[in-house]
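We just call them A, B and C in the order they show up, numbering each chain from 1.
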Amino acid sequence: MIKFIATNKWFHNHHVLRNINLEISKGEVIVICGPSGAGKSTLLRTINKLESIDDGEIIVDGMYLSDPKTDLTALRAEIGMVFQHFNLYPHKTALKNITLAPRKVRGLGKKQATEKALKLLERVGLTHRRDAFPVQLSGGEQQRVAIARSLAMEPKIMLFDEPTSALDPELINEVLDVMVSLAKEGMTMVVVTHEIGFAQKVADRVVFMDDGEIIETGIPPDIFVNPQHPRTRNFMSSVFHIPVFGETEEEK
Amino acid sequence: MITGVKITLILLVSTTISSLLLGTVIAIMRVSRIKVLRAFGTLYVEIFRNIPGLFWLLFFYFVFPDLLPPGLAIKLNTYTYYPVVAGIVGLTVDNASYVSDILRSGRLAIPHGQREAAISTGLGRVQQYIHVLLPQMFRAALPPLGTRMVHNFKNTSLCMAITAPEITWATQQIESLTFRGIEATAVATLFYILLAGVMVSIIITLEKVLKIDISSISHSETAS
Amino acid sequence: MDLLDQFSNINFYLFGTFPKGEVGGLLLNIIMAFLAICFSCVFGIMLGYSRLSCRLYIKLPCIAYIELVRSTPLIMIIFWFYFFLPYLFGGNVTVFWSAVVSLCAYAAAYQAEIVRAGIMAVPKGQLEAALSTGMSRYNAMRYVILPQAFKIMLPSFVSFFVSLFKDTSVTYIIGVMELTQTGIIVSQRQPDKIYAAYLSMAIGFWVVCFTMSHLARRLEKRIGVFDLESIRPDACRDEFMLVPKTKKTGEGVDETPSCCSSDSK
């Protein structure tokens, strides 16, 4: 489904992605973890080309990303993305946030789009908030609307960029629950997160990154409990020594 | 033309300074606790901002002397540089209203704690302003203030309307004497663009210097 | 009686010799400002948007135009068009149109800056969110970015309109019969009416500007329910260096964040 071949990226002199080789198959749930500044988010954002790469190739669903003829809009329509800061449109209600893209990109009628959006809102448990503006929603609610917004395009792949790290600890679970149910339905997911619990529950593979490199890849128990590489071990021990589970993100 | 440049520079420097002073006073009035001062400050801004600067120039040149006792009026009217003086006054009152507005929003942006800290260290009202509030007001207001000053510089060209011999007026003189209007206008335009560029770069440097100042302060705070 | 006599030619100030002759006075100021605003809006939005383009051959000319105009006094721009338009259109350009064109060229540069600042003040995450739901760049601009940018820009736009209206007075220099020119002519021909002339000028401009800025404040209050504050909390300042930088330009452009909006508080 997604294939990175010897991908490299520089920000000026900073080598942010070093020779990334990774293959993600359909229905797989991948969790990417690692210290801040490791290039996790950058890696994720190259998949729908919010960031371009300087070297190598990424193939997503048979489309070559470095090919200038690739229709980016069509590609992005197939890939849902959930951001750390939600990025809901502040001038539109929850419902309208969801219906906008289906109507403008897929050309759905107002009625159809609304029906679909309501179904998705029900799914994330926010039917009663349909007419609220983003400011009126809590962080967890905003993030769930954001997930519904991505799902409205019926994507084949979902990307999550630290979806819970801007949330208060008590709101994290409501978002994770939605993500878990999504994973169980067989959605292809790439998740950058520090939620070890989530990773252990649903991840098929965990990718550990540091300094722009993939250090280690494996099934969750291997990476978390029995890491091979010293850098992974270092990181994991520092993460696990922090007593409160939800507060592992000490990035900022 | 050279005198034109000189007069323009005189106008620029004097109006910049005087409008900063007047603007600061008005701004402080407008955030004052005394109702009368506040009302006066607001009235000033409402009046001067809603009437074109050109009007104030004309007013101070043509009408103002008439309002004075006749003896003084004649003195003024025969004073060679009266156009320049009227220009300075007119530009100042116009520009000061903008300056006061910018500074006022700078004042409102300062967290309440700053003043409380100043009070609790025993600073008097005037000292609070001089040492704590004003420096921060100017720092916060620097970018819009800079833009305003460039604007003010451009407005000095309006002084030609009251025959102050600045550069635009000189241009018109050259045109009517030699009919080489386009060349003269080109030179004058170039002059304005260059000087505006110089002003902008001074402002940018100032911003940078002040920013370094701020960051070094916060740095030493965290270090200690 | 004396007072009435002072203001006997009030019609001149308001609309010149309109029913019989040409339009003049305050009405002419309003017409000029209106035309200039309409034309320059279109031009300014295009200019501001192209200034944001990544392509240098689009961006550089825009920057050059904007910066040149912004560092030239309006009076100079009026002279330039006064000299040049007759060359282009063969000498029969009225001063009125020459004035409107120069105001337009002048205003467009300022509006372009407001538009640019407005667009840049919308957090970059909004564009990314829109793109990642598969919207095209045009759609993302049209439905997501511009509606938000417009709200950010509105106060600056209106305060610029007020200042543009005041700037129409400068056109008297090439002999447009607007309010200032009328006042000057009357006060020179009938020196006894000098006070009335200047009072009419002041009141004329003041009433229009004051009304406009008042309307602007009302509009801000009504429209500003969920404007900037709703964007700030998730604005990713640390990730996008552009945001704080833009904000500064934004303030620089509107230079006077709505003259007295917080008075009422």
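Here is the rule we use: contacts are C-beta pairs under 8 Å (C-beta built on N, C-alpha and C of every residue); 3 or more make two chains touch, one makes a residue touch a chain.
All figures in this text were calculated on a predicted structure; none of them were measured in a lab.
Ranked by the number of C-beta pairs in contact, the top chain pair here is B-C. Centroid distances from chain A, each centroid being the mean of CA atoms, peak for B.
Look at where the CA atoms of chain A average out and do the same for chain C: the two points lie 44 Å apart.
Inter-chain spacing, taken between the CA centroids of chain A and chain B, is 52 Å. Chain geometry summary: the mean Cα position of chain B and that of chain C are 21 Å apart. The touching residues of chain C, when paired with chain A in their complex, are 123, 125-126, 128-136, 139, 143-144, 147-148, 151, 226, 229-231, 234-236, 238. Contacts from chain A toward chain C in the complex involve residues 48, 50, 72-74, 76-81, 83-91, 100-101, 104-105, 133-135, 146, 149-150, 152-153, 159, 166, 252.
Note for the complex: chain C touches chain B at residues 68, 70-76, 79-80, 83, 162, 166-167, 169-170, 172-173, 180, 183-184, 187, 194-195, 198, 201-202, 205-206, 209-210, 213, 248-249, 251-257, 259-260, 262-263. Note for the complex: chain B touches chain C at residues 42, 45-47, 49-55, 58-59, 62-63, 66, 98, 101-102, 105, 108, 143-144, 146-148, 150-151, 154-158, 160-161, 168, 171, 181-182, 185, 188-189, 192-193, 196-197, 200.
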